[in-house]
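Read from first to last, the chains carry the letters A, B and C; within each, the first residue is number 1.
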Amino acid sequence: MAEVRLENLSKFFGNVMAVDNVDLTVKDGEFLTLVGPSGCGKSTTLRLIAGLEKITEGNIFIDDKLINELPPHKRNISMVFQSYALFPHMSVEANIGFGLKIKKLSRDNKKKKIGWALKLLRLEGLENRLPRELSGGQRQRVALGRALVLEPDVLLLDEPLSNLDAKLRLRMRTELKRLHKKVKTTIIYVTHDQAEAMTLSDRLAVIKDGKILQLGTPKEVYEEPKDLFTAGFIGSPTMNFLPGEIVPLVKDENIMVGVRPEELKLSSKELPNSIRGKSSVTESLGSDNYLYVEVSDTLVSVRLKPEEKVGEGEEIWLFFDERKVHKFDKNTGKRI
Amino acid sequence: MVKIILIGIIIFFIIFPIFILFKYSISDKDSIVTGGKYPEPFWPFNPNFKMFKSLSVRKDFLYSGMVSLEVGLLTVLFCLFLGVPTAYALARYRIPGLGILLFFLLSIRLFPDISAVIPVAEQFFKKPFSYLPPVFLVALAHTLLALPYAIYIAKGVFESIPKDLEEQSQVLGASRAYTFFRILTPLALPGLGAAAIYTFLLSWNEFVFAYFLLFQGTDTTLPVYLLRILTWSPQKNFIAAISLLMCIPVIIFTFAVQRYMRAGLTAGAVK
Amino acid sequence: MPEKTKKYSTWEKLKDNLFVIGITVPAFLYLFAFLVIVLFYLLKFSFGEGLPLLSILSEIEFRKALWRTFWFMLVGTPLQLAVGIILALLVYESFKGVGLVRSLFLVPIAIPALVTAVLVNLLFSYPFGHMNDLFLGKYIFFPKILEAPLNFSGSEFFSISLSMLGKVWRDMPISMLIILAGLQTIENEEYEAAQIMGANFYQRFKYITLPLLTPAISTVLILRSIENWKEFIFPFIIAPAYPLLGVLIERLYHIQQNPQLAGACALWLVLFIGTTTFLFTFLTKTVRAYLVKV
């Protein structure tokens, strides 16, 4: 368990700035996620913390110790890769025990620790299997076991769930939460899936173009996104954006108004301060139904109550609670 | 770093002998006959192309070159004639025991040349083979050596052309022959060209079979010519010049084909 | 109506099959014919009058040649493997100019084997040649380590060693290519994972590279051992006074004009190759099973 601090961290690949002056403190024992679209620099940041890439500028501290020049194995960290990177020719037991073997632990000590990892990740009975004989979920657990058995101060996870199918992904999410509660290691997690970030993290950092746009708890980021991108990135289905001039209570063309599908209400009659639109298709996502409404040039999604049913092509009015609305400056993208 | 030094050493180890070969070929007499009075120079005192000039008019050398060329071309002809249809069938049709056939094909080359040459020589010196011109016989032997590779390469070429193209052509009404000549062949030509070049080079460099089959006659391919010259202990520059001339087509083709083959080799090997 | 279409389709099928068979058969027939010729004569000669296959075993020349070839194979094969691994490791990672370096490393196979052998003789010629001059200290940059020039082809040890040198030089690229292909199947992330867990270069090589390279290594060992057994050109040109098995076959056939003994020797060569291949395959299978136990 340790605190990780990034100070003015930057990384250049040639002329391209992959990580742009990042300042971040991951609290001791915290589960922090770096979330953002592909190529935003989150994986690079992780690899800088791991020591797999050289820092161009800035500092990284683990528990107030400067680790810039330390090679990966001296940082007391562990990493799980997206592809798991299990050694194909070694059994589950040998894979998990690899780091212990390098540390030259005694045979009994190794066996004890491997046993603990097997139990923790529910891999008992699979010790002698080879990676190719395991399912995707099992391989993932072996990769986790291999990382955790070394009792690292910090555990780094680089999109570990991307290779799993949807159902397995959900199951592994709960598994990861359970692990975190039990082992209490500081975890830095990287993903492009905002739902994952929302469910797993204590705090998350939204990253775009190598910069942190917002750092906060899932609740904070969801309810008070600081800028347009974050607002549109977090939450599923995505937030609706309406140009300020068509929103009655705003009537400002420099403002972009954001409102979530569940924050919108419908009326078949015109109400004061409502927006007129024409209903389009209804999407059923099982438990929730979303109606798409054409408003000026955009399609707005509205979450319907279970009993609500709206046909296509009908005139409809949208209204919302003005306190719950998100206003952003059109030019800077920042929250107002 | 250690790596750079090692690479440097190896490149030197590779280039140095070739440089020496070149050096000898342009050496004057004093540079190669030292009599122990001075060390052999790394660059000749009076470099010249006299050796090459004299070789260009030397009848037996030119004749050997012709023989090598003839044998090479005949070999390519035989290999393509036998191998291309086979490769096409192997690529396009599901033949039972395909794996075993291919394995057999490639493992032929593991059989020692020097063991196989004795039976082949014995047979080729008997009738009816003895009536055939020696050039023809050597080409037959070279075909034996090159055919497995030619088939393997050509098969790869055909496999890389999508079957859909042929099927499309036939659906549009073309006969199989038309499809083969007007659609398939142009696409396969570069790859088949590589197979032809590889076959030619194999025949051009081949020594064992050529040596045995031409032992009693006067015809010689270039490698056999070189050997016969050696028995008269000729000058170093003479040997070097012949050797170098033997190499040139090889080097040209290797660099041209190598870029094409590397992609094929690594792709196939990684699978 | 149905009957007519049925006959048509079987006829079509037959035509198709005949076509396929027809175009494949010539090549395989051609190769098969040679196989028959080769086996016929080898067996005819070996089991002919006086059973040459067995009588040759008592010939000193044969035993000497066998011994020399055995050592040639035993020393040359691991040497080829080591060189192949070193070359492959050097060009495995991408760096500026790696393409050029790889092309340069491939040059030796472009040179015909005969030329390479002749070149070795030129370099190591006696009494005057670059190598002799070098060892006699005639060049300022190299110390004197010989008193008198060495007749390399007159010494069994040196002439055979030089044959091996020539063969290794020429076949370096082949081993390199096979090992390189094997290296490229290893994911880079596996090395990174090992690196994070504390493995240094040698540990990564020992626990990850080497075991995963075993298929490529065994391929090189088997192919190279076969090549070394049947080697003819290099010893023929460089060490004619100390024949290896291949050279002995030529000697028996051309000089002693004894095709029967030559055939018997040739058959023995095939048998030795077969046994070695079988042994190597068995060996690599057991080694691989052992390594997986890590």
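Rule of thumb we're sticking to: contacts are C-beta pairs under 8 Å (C-beta built on N, C-alpha and C of every residue); 3 or more make two chains touch, one makes a residue touch a chain.
Just so it is clear, the model here is predicted, and its values are computed rather than measured.
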item: Distance-to-centre winner among chains (Cα means, whole assembly as reference); value: C
item: Maximum centroid distance from chain C, chain identifier (CA atoms); value: A
item: Gap in Å, rounded to a whole number, between the CA centres of chain B and chain A; value: 59
item: Chain centre separation in whole Å, for chain C relative to chain A (CA means); value: 55
item: Centre distance in Å when chain B and chain C are each reduced to the mean of their C-alpha atoms; value: 18
item: Residues of chain B defined as touching chain C within the complex; value: 3, 6-7, 10-11, 13-15, 17-18, 20-21, 24, 34-36, 38-40, 82-83, 85-86, 88-90, 93, 95, 101, 105, 108, 110-116, 118-123, 143-144, 147-148, 151, 204-205, 207-208, 212, 215, 223, 226-227, 230, 236, 239-240, 243, 246-247, 250-251, 254-255, 258, 262, 265-266, 269-270
item: Residues of chain A touching chain C in the complex; value: 50-52, 71-73, 77-79, 81, 83, 85-91, 94, 98-99, 102-103, 130, 146, 150
item: Residues of chain C that touch chain B when the two form their complex; value: 20, 23-24, 26-28, 30-31, 34-35, 37-42, 45, 86-87, 90, 101-116, 118-120, 122-123, 125, 127-130, 133, 138-139, 169, 172, 177-178, 180-182, 184-185, 223, 226, 229-230, 232-233, 237, 246, 249-250, 253-254, 259, 262-263, 266-267, 269-270, 273, 277
item: Contacting residues of chain C [partner chain A, same complex]; value: 187, 189-190, 192-199, 203, 207-208, 211-212, 291-292, 294
